[in-house]
Amino acid sequence: MNPEGIPFEFPDRVFPGQLICPEYEVKQQDEVDLVFKFNSGQGTRFQSFKYDGTTVNAITATLVGNVKITETTCDSTANADQKASEEKLQSQGEVRKRIVKDMVVSVAQNDISETKCNVNDDFANNLPKEDDIVLTRVTRISLQRANVEILAVENQAVPVDSGIGSNGSGIVAAGGGSGAATFSIAQASSDLGETFRGLIRSQDVRATERDTVKIIDSFKPGDIVRAQVLSLGDGTNYYLTTARNDLGVVFARAVNGTGGLMYAIDWQTMAVPSTGATEKRKCAKPF
Amino acid sequence: MNVQDRRRLLGPANARPIAFSAEKPVVEEPEKDQDKQESISLRKGLIENSNGSSLIEVSSKDRQFSLMASVYGPRALRGSFTSMASISIQLQNGSQEKYGPTQLREVATFLTSVFNAVVNRSRYPKSGIDIFVYLTYDRDLSQSSSSNISALIPHCITGITLALADAGIEILDLASGGYHNGNVFSFIKNGDEITGFWKDEGVSNDISDSLEICRQSYIRYKSLMVSTLMQK
Amino acid sequence: MGLSVTEKLYLYDSLTSNPVVRPDGRKPHQFRPIEVFTDFLPSANGSSRIIASDGSECIVSIKAKVIDHTVEDELIHVEIDIAGQRDDSPQVETMTSLLNNVLEPRGGIDVSKLRLTKRYSFKIFIDVLLLSSASHPVSLISMAIHSALNSTCLPKLVSSFDDLEVEELPTFHDYDLVRLELSAPVVFVAAIVGDSILMDAAAAESEVSNNGLIITWSNGKAISPIRTVALNDSDVKGFDPKILQKAITMVEEYAPDVLRALNNA
């Protein structure tokens, strides 16, 4: 594999600890210095190695899988750096131009690289992080907040496990594992429902009129809600928001979960097609 | 015994127990190269309901044993916020209750500190990774009474590393180790870095000799692990 | 104790610089002052209380019992209690296992001094109570055990040594005691920060250390058990193999001075 004219060979399939590439590489091409700056993505990490007395930074694999290289568009700071370096070069009387290309090196595990799926419930390499879109189920509501459990992360490979029990795909160690080690036996988690939990505060439900939000008119227990991660939160909860048009309830059943499936008719109303009854929700824009 | 046993019914005084012909001792003829080196087999992904698992079977001149490692997680951890995954390792005796619980706990704590340096823990905030090692079979052929757990530690490390890689949990390098004269070393980065050292017997002046020997076995285990992991 | 990222980096850089700059101005091999009180528990055969300058405190009591050593061969038994921790917590169990290993007869300790007659021996029970600790407590505990054993006096035997034939129980003098001169191995904890080795690391130094080494020392040389130990939860890393030998050499060089100070206390 040798994309975009990088002047050395990338390994194809790698194992943890294998060197993939250095941090920088320069290629001279038609009066222009092409500088590749490699950043570590999923499944890779910078590690320093001592070589001949000097410390060298290099990207190494942390997973078994295939190397994937993608070019990222330079952000403004990188451009500024680039300009500065060009000026510096010109002031030294050199005429060579320099183009910096930012590349992200990642390692994709076998199955995930080949199958394209939108939603992933395998959390091993895909824990929810800031700005991720997650699918959640409402477990409990109060005046100030809605508590949810995170079922899956959107647009990414999903790790097995956080959805333990609740989405049926997770695996939990017999005896409670680290949960049992951390807490007393009485508090130790059962084998079921050990999910990553989140909460949506009432002021994060929508972007406008944030202080008049009524949680009861936005979510009901059992609703499936598409939300964005605001922060990793505290030990127990991720902090989530639905303050965007495409975020909010995606699936809900009428009459506290006993009725039929409802469909959004505008951004704060859902209706049951068979009866015509409507209920209030903060809906996600369906399309 | 000159006191007659009156408490139970006894057979005739001149009765003799049946004598069986002596069992033929199984003659194991170790091959020449096995004399020096142990033979190892590694397998991964055996335990279906875990995220990753491995089985290691070792047979050498004076010891035969096998162990299984399974990895569960990362999973949600309750309690205070942790920016890195917390790793919990538990060692369990197999059917032979060979090692005491405190000894197993001490080894488990040692292994945890080894793997704290190996797993890319910052990738997994607010999560716990559970690792279980079952010492399924352990037989000492050398007849020496001291059945120490130290010799098992390098294989525990190899097994856990393999199970972690099988689970798709990010690790900085394939960690493994070696055992020589009571010294156990755990290495990463081609033997340029030690992640753990354990010594339960002997004096301190043989460490540098053992270092080289352990590094050799680390490199051997590592290449075995690579070939196990890279096969489809 | 929580240090911010910047504080950690600052401390790490100063500890890895050459020469090492420690926050309290100590040399890499220098210990902090400790206070030791011995023989203060009237109900025990020997006792000690050790207080480190950071407020870590540990109490050790030694009790003895006459046993038939042909039946029971374990002559020294250590039991550790850490304030605020369950008896089955990993830290307590690990520490107990380690110290039982340190005081194991094949190591540096001479158990023949516990021998009373051909059949009977004293069995020594060492009970450790760790009241508080800021950094890894094993070094403090082992020093407390060492000074407690040094202060231990056991009843004087008056019956004959050879009792295999006569089948008699050992009898003791009514009030004369004999000092038990059992020199217990002492455990040192060396923190590894980058390429530097620090003895007796303070809490903040442990926080930034990449790894730690537990080294047992007895009678002029380092003995087993020796092992690595994580001194914190966040910054554990591998280290250069050369450091291992360097740390052992450092312990062997300075341990006699530490022991002399401890014994004269």
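All chains are identified by letter, namely A, B and C, in their written order; residue positions are counted from 1 within each chain.
We adopt the following convention: a residue touches a chain if its C-beta (ideal position, glycine included) is under 8 Å from a C-beta of that chain, and two chains touch if they have at least 3 such contacts.
The structure displayed is predicted, hence computed values, not measured ones.
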item	value
Innermost chain, where centres are averages of C-alpha coordinates	B
Pair of chains with maximal C-beta contact number	A-B
Separation of chain A from chain C, taking each centre as the mean of its C-alpha atoms, in whole Å	48
Distance from chain B to chain A - Cα centre to Cα centre, in angstrom	36
Interchain centroid distance [CA atoms averaged], chain B/chain C, Å	28
Shared interface positions of chain A, touching two or more other chains	181
Where chain C touches two or more other chains, by residue	90
Chain B: positions in contact with at least two other chains	86, 188-189, 192
Contact footprint of chain A on chain B as seen in their complex	49-51, 70, 72-82, 86-88, 120, 123-130, 132, 165, 167-174, 188-189, 192, 225-226, 229-230
Residue ranges of chain A in contact with chain B within the complex	13, 15-17, 43, 45, 47, 49-50, 60, 62-64, 109, 123-125, 127, 129, 159-162, 164, 170-173, 177-179, 181-183, 187, 189, 194-197, 232-236, 238
Touching residues (chain side chain C, partner chain B) in the complex	90-91, 93-94, 96-98, 100-101, 106, 211, 213, 221-230, 233-234, 236-241, 243-245, 248, 252
Chain B residues within the chain C interface of the complex	83-84, 86, 101-103, 105-106, 108-110, 112-114, 116-117, 182, 185, 187-189, 191-205, 207-208, 211
